[in-house]
Structures are given as structure tokens and as C-alpha cells.
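Next, two complexes with chain A in common: one pairs it with chain B, the other with chain C.
The block that comes next holds the complex of A and B.
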């Protein structure tokens, strides 16, 4: 198979990126500011062939071409041609969602057409391109991109690993503008990439060993060990996925491009709804705009809303109707993560259940806190409890996410009861792939990450922690970045063949 | 129908959707002025307004309207 390890943390990728960076900023000097987007386009195509499975590049190219054609067709029609517009919409949906579904089903059944797996970035380019079409269809985007612009918008290479799921109007527009070299932006971008490397290579890799020990079939780690493994997985996934975003957004920043954030301290959320506004933010907004709102405006849910309001009263009827639409929404979110039942439960329906239960019991708790106990429902202690509760609920979802299957997840939850705590013979804290030094490195690194990200959030109005460091004197400023660089180089776990960590979200 | 008349017809729709008879809408009313007017209720509100006036808005218009005045303008442009 034509495939060449091109993970974002690999040495090969860094060389590739350095080359792109040089050409990207040198070319405009020769052409008078034009042509940068062709550098990005060529880089994206080359990257795809090298990192993906070679020939499967025809899939994103076909999806881009179809989207470009459908956008042209919709723009050519007047808004009054309702039927024709709808036919184009259906064609676009069938082509994009059809190929997404087909590859997911193939993957689920273990079929590899022609020896290939799914195309690289399938879920990401599908949603980005479909989002573009729907924005044009809904009159939000003017749809001004030519074929090259559409291909680049859908296949911009950093997005092919794990997103973010950008909207054309906030990304593609920037690709076509000239970007002169800006030393500050370049340095800031590289700094953010380094931070992503730190989270990926130093923290995520180490956490992965603990998680693998606990989640191996018949591992013998029960009780509290299951929860240790699960909390480690929560942070493994966070450092892996958000670290990947730091690299993607950082390298885009170095190219003068500003892409939307995908994470904002998700484990500090006080409710599940808030969690989804902080974790994988771009997926949440995409699903809200493209699935949830259209559902609520569909004939079925509008009629259903009336029926329910007549039967249960206005307030309850409205709630029930919203929960019904949410059920479809969360099933879609679960399916996006993969066809397997464990994803539909762990990343979908379980979260739906949490939100519904939360909304249904809200009046009771509000009455309890304010009327019965006469305490402020927003006091710090209760808020802290809510953060812990929300994290725990999210962790239950992660058990499904990480386990091999739904039965395995249920078994782990059963075995995870605290009084069953047991380690296998010869097992224990220091036999989970990390010795005491490694544990020390992990805990210190986690503490650094948490402290830095909290500080960054606090300083966000002043440009975050990088701006703060940039304001320091020359010596301390460079000392900090060199210390981080050496920390990553010395303590990063590079895995076999100097290739990077597996990006967990790459599989989707 | 002029803008004033549209606003007059919008008022009962708002009162019904937000279940609050003390609401008075003007062209300058925004989501910040009404407690329950979040992004979800916005969709419910638009659904109700569409039924009142017998028309369908674009998703683009729904997501970009900034106040009740803009909502009235969209309605007027469709009549």
C-alpha cells in the first residue's frame, strides 16, 4: 500500500512543514504577492498522497468536485426554484453522506475495498465540504470559491488528521488572501506547535500505557484501577486531541491563518451541555447548525411540537419536542464517531440521557436549593461539585469509547465497583508500563499543563500566556521556550521508528 | 402592512413563545432584553413567527438577524 508515515509529530512531517513554510513565504516575493494558495493546495495534495493511502485521494477530490458543482448549480438557480434546489441538495447529501456511510459500514464489517481502508480525514473533509454547501444553500455563504479554492477548503492538509471542522467562511476565505511573513505570528505559531508536542509526546503517550494496561481484555485490574485507567484515558484523549489541535492551529498561525478553537478547558464544565461547548467545539456547532436547528424547523417536529403542547401543556410539550429532536442529534453525534454501538452509546445517547435528566430534574433542584435550603444555587461549593459530577459522567461515556465493545464496557463498569479493587498478580501502580521515575515525569507534566492552561484562560483577554511570555525580557523569554523544547526532546516518547503517537481521532 | 403593524402583530407571538404577558417588543428589542431568548428559543420563536405570517425564512436570515426590527424588515421584504 502506498503509505508513508506522516504523523504531525513525526520528523518527516516537520521537514515537510519547514519546506512548505520557506516556499510559502518566498514565493510572493517573486510573484508580487500571488500564488500562496497554490503552495497550500500543492502541499495539501502531496501531503494527502504521502500520509493517506495514496490513490484514495480520488475520494476527497471527487467530494470537492461534487460540492463545487452543486454550489454552482444552486447559485445559478433563483431561490424560487424550490424543487430544483431541493434536488441539488439531495444529490450533494447522497454523494457526501453516502460515501461517508459506505466507508464506515465497510470499516465496521472489516471490508477493505481494493485493499484500502477509509480515506484519510474522511469524516472531516465530508463535514467541511457539506457544511460549505449547506451554508451556500441557506444563504449564509456566497459560495465564491473556484474549483481550486473548494479543493483547498476541503483538503487543507493540517485538517486531515483530526479537524477542526472549519466553516469555509472562517477558513477558506483566508487561504486565498496574501500573507506576508510576520515574525511575531510565525514565532507564536511555532510556540503553540511545541506546546502540542509537549501534550502529545510527553503526557498522552505515557497515559496511554496505563490505559492500555487497565483496558486490556481480562487485565485483572478491577475497582479503583478501572477509574484510574478511565481518568487517565480522559486526559490521554484530551492531551492527544487538543495537542493535535495545538499543532494544527499553531502551524496555521505560522502560515498567517487563524482557525477556530476546538477546546476550552472541557473538564471544567459544570453541565454536559457546557461540556459540549468546550470539547470538540467545531463538531458541536456544526451539528447544532446543520442537524439540530433544521430538525426543529422540519415539518415533523413542528407538528409534533403542537401535538405535545396540546397534550402536556405548552412548557412540557416544548421540552418533550426538543428532547425528541435532541435524540436524533445525539444519535448523529454518536454515529459520526464510528458505526459501532459503543460510540453511539458513549459519545451519543448517553450524553442525550444526561442532558434530558439534567433538564427534567432542574426545577426540583432549583426549588431544593433556593426554597428549601435557601442557599445560592450558584455558590462555589455547588459549582465545584457540578464540575466533578460532570467529569464523572463524561468518564462513563469514555469507558464505552475506549473499551473494545459495548459488552466489554459494561463488564468494566461492573468490575469498576470500588469494593472489587484488585490488581493482577505482579501488577500494581508501578507495573502499568511506567516505573516511579516515569510516573514522576507524568505527574509533573500534567501539573505543568493544567497550571499553564488555567493561566492561559485567565490571561485570554490579554492574548494568553504566550503574549505574557513575549512581554518578558530576552533571557527569561527564551529560557522558558528552550526549557520546554528540551523537556519535549528529552522526555517525549517517540514510539517505534521515531514516528509519532497515534492520533486517536484520526480513525474517525 | 407597515413596520409598525408588523411589530404589533409580533408582540402576541413573543408573549406566547416566552410565556410572558409583560413583554413589549420594539424594533430595538434584542435577545439580551428577554430572559429566555437563547439560541434554542430563537428557533422556536422564528417557527412561531413564520406561522403567524405564513412565510419561511432562510437559515442565513435566522442566524444573522440582530433585533426585532431586522426581523420585521425580513417579514416586510417577503410580503
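The block that comes next holds the complex of A and C.
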């Protein structure tokens, strides 16, 4: 089985990317501006073979081919052929969602057909291609991509690790346009990649050791230690996933491509709904547009809405109907993360419950703050409390996400009661995979990350912190980038003696 | 992108490469092997007469400052622990970059062992590869010594391995190695002051020949070819140790190979009586390596033998430009004379320690290899 270590943080990948970058910008000079998309296509296919499971490349290729055929068929039929169009829709859904579900079920049951696991980027290419088809089906996208364009749109190599789940109309058009080398974009892209390396190699890897200590079966860490491990996991997952996105978006920027953001300071969200507008944004958007809205427009929910409105009144009935559709939506989000119940609860239904409870109790709390206590509900103290509350609720979901199983998660939640705080013999704060120096490195790095990301958000109107640094004189500018570069080179956890850096969402 | 931007990018990349190189040199694990190699690179060009290549028997056995004091010969060891013979031709080439030695001494103990056994610990390979400065020769050494299954990337770019030594960045003795040039006080020699007695065995009656492992024979012939190409003399040397019977016929085989190729072979085990080695007192670790007492005896005998068999110059009283610069900067004189002073002091202390330890029966305890 041909499979190289081609994680986005590996040296092999960096060499691969450097080669692609050179060919990508040299080729148009030789061909009069043509051929860049074929460089990306070839790179995507080669990357898939090297980083994935070799022969499993037939899966995304088949999915792309099926989508291309279905799009052609839908476009040829015209909107008046409702039945035929529905048949094509069902064929596309069966092929794409069927293979996704089959591989998820196989994974859940531990079945590896022919010795292979799931294809690399299964969920991501499935959603990207399905989104493209549905956009064409709904008349949002003109569906003008040829087979090569469809394959590239579905399999663009940086997306195969952890997304983002791009929309064809936002991304695929860019792949086919010529891109001249732009020094500033190239540098900005590489800088963003470096930031991703910092988050993944310096922070996430270290946090992972603490999390592994606490979440190991029978670890003996109880009480506050469970919450320490969970908070560490929240930041591990954030730095791991958003670090990956920084690398993906950065390398795309270096290639002259602009992909959608996937994160926007999620742990500063004041509500769960807001959290999902800040965390894995492209999944939330995709689910909203492709699952939630179509569900609400479906015959069943339309009829259900009417029934509920008649019984509970227009406002309450509408709300109940929406919550019903949201139940399906959040189950789907949970299932997307994996077939296991822990994902359905931790990344799905628990969040549905939070949102429903939040909406249901909103009138009560609004009345409490404004009428009874006469406090501005938007005051900073309450906002801060809401941030903490939301983070805590998200962390409960993360307990399920990280635990080995649902019973393990429940056990950890029970053990997490503060009065049970205890560490195993020989365990403790400095025996959780990090000594005091490593803790120091971790905390300093976290502080740097938080400060930089807050500043980046604050400066977003002016192009963010990279634009600010770019405005400095050469010496301080280079000093900053060299400092970050060597910070990662020295303190990053990579190479012999360290477990290889892996992206958690690669498994989805 | 205009030419100005391209130039700026080029300068940034160049600075990064230079800084990373210096950083790697600093971060490579400190110890006597690193000191020996940085010391070698710091020697005045064309000032060394003899280069000794080989495994761990070399550096605690040939007391280079004493040899210089006794005969005026400047010998420098490029030896590392369990040095794999495949490295020898590349070390010869490395030595030639800055030195023009008349004689290369190749210690042959490892030629009798299978390379597979020596490879089992990557430190035996890294001892060589990760102590060479960056060059084409280093790349070729890695290509010869490291297989695709051994993570060659971390050998070519050893910052991948040594970045985790970042905590040693505060050590003065690490920071000074930024160019991988720093004089070694004892010119590559290491004073051992432990004692581990062993039984001498008379193996002179064993005259049969047993072929050495194929890869070691190939390595030995490559060394001969390399020496022929450079026109230097070569002495294949077996330093004294408590040899196992099974190896004698292999060394007999090596002797034949070496002499057939026109090079000298010297088995110092056959002259231990002349050397005056005391097996109770003169070995550090039960016959594997000599301690300071044994080293002094071996060096005294070897010095005379070299003088007798080779026309090596006497450098005593000579200074070097580097010594002169060093003297101007922070005092001192001829670095070889200084090395002898330090050696004499260390030898005197070690001699007392060894005798005390022997009297108290406090024998050497092996440390576990990493």
C-alpha cells in the first residue's frame, strides 16, 4: 500500500508544495498564461496517491465523475422535467451519501474492505461535490465546469486534510483563472502557513500530551483535572484545526487563491448559535444551506408547521417546527463527525439542546435583566459571563468528542465533579506529559496566540495583523518573522523523538 | 514580482539557511565527540601529521598531547563510538579538506563486526554524520551510511533531531560552536580514570583466517582505494584489548587484506609485553578501552614505533598562526604545549584515582547506552 507521511506539517509536504509553487508560476510563462489548473489537478492527484491510500483515489474520482454526469444531466433536462430531475438528484445523493455512510459505518464497525480504511478527505470531497450538484440543481450555480474542473473542485489537494468545505462557485472558478505571481500574496500566504505551523507544532502537540494523560482509560485524574484536560482539549482542537486552516488558506493564498475562513475566535462566542458561526464556519454554512433550509421547505415540515401553528399558535408553532428541523440538522452534524454515538451527542444533539433551551428561556432572561433587575443585558460583565457559559457548554460537548465512548464521557463528567479532585500516584500538574519548562513554553505560546488573534480581529478592517507588520520597516518586520520562524523551528514538536503531528479532523 | 522583491526574498532565505546552520551546530548534542570534531576543524590548516580514524578504542588510548610532547608528531583522532567502517573513506576525505596528513591510521576493531550490529543504535551513525560540517562530503557520508528506512531526512537536516536540545542554548560551551570550530583542549584525547581488570589471553597460536562480513571487507577495500587515490600512507592498527578468541582469525584475515593492498598492519595485542600493559590496572572497562595509565604506555610504545617506521616531522617548538592569534586574544602559547600541560595534570590525577579505585576494588560500572 503506497502511503507517505504527507501531513501538511511534514517536510515532505513542504518540499512537494515548493515544487508545485515553482511549476505553478513558471508554467504560464511558457504557455502564455495557460495550464495552471492542470498543475493544480496533477498536484491534487499526486498528493492524493502519496498521502491517501493509493488506490482509494478511485473513490473521489468516481464521486467527481458521477457529480459531473449528474450536473450535465440536470442541465440538459431543464427545470420543467421535475420527475427526471428528482431521479438524478436521488442518484447523486445515493452515490455520494451512500459511499460516505458506507465508509463511516465500516469505520465504526472496524471493517477495512481490502485492507483500506476510509478514503482521504471523504467527508470533505463528498460535501463539496454534493454542494456543487445541489447548487446547480437549485439554479444557484450554472454548472459550467468540465470533468477536469469538477475533479479539481472536489479534490483540490489542501482541502483533503480537513477542508474547509468550499462552495464551487467560490473556489472552482478561481482554479481555472490564470494567476500571475504576486509577491505580496505569496509572502502573506507563507506567513499564514507559518502561523499555522506555530499553532499546530508548538501548541497543539503539547496540549495533546496533557489531554492524553487525563483522557487515558483509568487515568486516575478526577475533579478539576478533568476540566483542565477538557479545556486543554478545546484549545488543542482549536489550534490543531484552525492551524490546519491557516496552512490550507495560507498555501492557497500563495497560489493566488482565496478560500473562505473557517474560524473566527470561536471561544469568544456569547451563545451556542454564535459559536457555530465562528467554529467550522463552512460546515455550519453548508449544513444550513443544504440541509436546514431545504428541510424547512420540505413538504413534511411545511405541513408540520401548519399543524403546530394551529395547535400552539403561530409564533410557538413556528418555533417548534424549526426546532424539529434543527433536530435533524444537528443529528446530521453529529453523524458527519463519525458514526459513533459520542459524536452524535457531543457535536450534534447536545448543541441542539443548548440552542433550544437558549431560545426557550430567552424571554424569561430578557424579562429578568431588563424588567426586574433593570440591568442592560448587553453590559460587558454579562457578556463576559455569557462567553464563559458558552465555553463551558462547548467543553461538555468536547468531553464526548474526546472520550473513547459515550459511557467513558459520562464517567468523566461524573468524575469531573470538583470535590472529587485527585491525581493518580506519581501524577499531578507536572506529570501530565509536560515538565515545568514545557508548561512555561505552552502558556507563553498560548498567550502569544491569543494576543495575536485578538489583535488580528481588531485590525481586520485594515487587513489584519500581517498587514500591520508589513507596514513596518525592514528590520523590525524581518525580526518578527525570523523570531516566529525560529520559535517554531526550536520549540515545535516534530522530528525523531516526537509523535508525528496529525490533524484531528483528518479522520472525518 | 520585481527584481527587488526577488532579491529581498533571496536574502531572507539565505539568512534563514545561515542562521539555521549555526543553530544546528550549536544544538548538536554536546560531549566529547562534538568537542573532538569542533577541535579538529579549529586546527591550523596542514598542521596535522597523522589522522587516526576508528572507534572508541582510539581516543582514550592514544594520548595525542603526550605523543606530541614525546616525538613532536601531531596526531588527531577522528574517532566516534562504535564507528561503522563504512564511514572511514568519508572521514579521510573530510580530513583532507583542511589537513595534508602523511599518514592515516585506521583502527580495525570494528571491521570484524557485522555492520547490522553496529547500526542497531543510531548514535553509532550519528556520531559521524552529525559531527561533520555541512558539505557535499557530509551528504555522501549520509547516503552511504543511512538507509531509506532510517529517516534519512533527520540526518541531512539534523535540526529535525536536535531542535529539542533548545534548552542547551544557554550553555556557553554550546553557543561557542556556532561555526563548528572550537579548539579541543586535549586534541581529541579523553582521559579515562576508571579501572576494570581483565585476564590476558595468549592467542598467538591462532593462525587461521575467517572472512570478515562482506560489507566490512568492502569498506576496508574502499579505505585502501581512498588512500591510494590520495597517495597517503596507511597504517591499519589493532589497539590492545581483551580480544575474544573468535575474532583472532578475522583479524588475521584483515591483516592479509591490508598487506596485499600494500599497507602496514600493526596488532598491538602481540606486543603487550613490550608495551608493559598491566591487565589488572591499565584497562578502564575490563579490556575494552585503556584508561589513562594504559594510554600512556600504549602512546609511548606507539610513538617510538611511528618514529621508527615513518618519517614524521617534529613540530615541537613550532607555533602556528592560530595559536598566535589565540595568544593575542586571550593569552597562552602553543596549543599543543598547552594540551600537554593539561594532559599531564589530568594524567597525574587519573593515575592516583585509578590506583585508589583498584585498591578499593571499585571497578567500572557500565552506563546504559541511549
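As a convention for this text, the second predicted complex is superposed on the first by the 502 of 508 C-alpha atoms of A that agree within 3 Å, B and C clash if a C-alpha of one lies under 4 Å from a C-alpha of the other, contacts with A are read in each partner's own complex, and residues count from 1 in each chain.
Note that in this section a residue touches a chain if its C-beta (ideal position, glycine included) is under 8 Å from a C-beta of that chain, and two chains touch if they have at least 3 such contacts.
What you see is a predicted model; the values in this text were computed from it and never measured.
Chemist: Of the two partner chains, chain B (first) and chain C (second), which one does A:341 touch, if any: first, second, both, or neither?
Modeler: In the superposition, A:341 contacts neither chain B nor chain C.
Chemist: Taking the superposition on A as described, I'd like to know which of chain B and chain C A:314 touches: first, second, both or neither.
Modeler: Touch status of A:314: first partner only.
Chemist: According to the stated criteria, A:302 is in contact with first (chain B), second (chain C), both, or neither; which is it?
Modeler: After superposition on chain A, A:302 lies in contact with chain B alone.
Chemist: Does chain B (first) or chain C (second) touch A:61, or do both, or does neither?
Modeler: A:61 contacts neither chain B nor chain C.
Chemist: Looking at A:183, would you say it contacts chain B, chain C, both, or neither? Reply first, second, both or neither.
Modeler: Second partner only, chain C.
Chemist: Can you pull the chain A residues that chain B and chain C both touch?
Modeler: none
Chemist: Chain B touches which residues of chain A in the complex?
Modeler: 79, 135, 138-140, 288-289, 293-294, 296-297, 302, 305, 314-315, 318, 322
Chemist: Considering only the defined contacts, which chain A positions touch chain C in the complex?
Modeler: Chain A residues touching chain C: 11-12, 181-183, 186-187, 437, 478, 482, 485-486, 489-492, 494-498.
Chemist: Within the complex, which stretch of chain C touches chain A?
Modeler: Residues 1-2, 5, 9, 12, 15-16, 19-20, 23, 151, 153-154, 157, 159-161, 163-164, 166-167, 169 of chain C touch chain A in their complex.
Chemist: Which chain B residues qualify as touching chain A in the complex?
Modeler: 19, 39-40, 43-44, 46-47, 58-64
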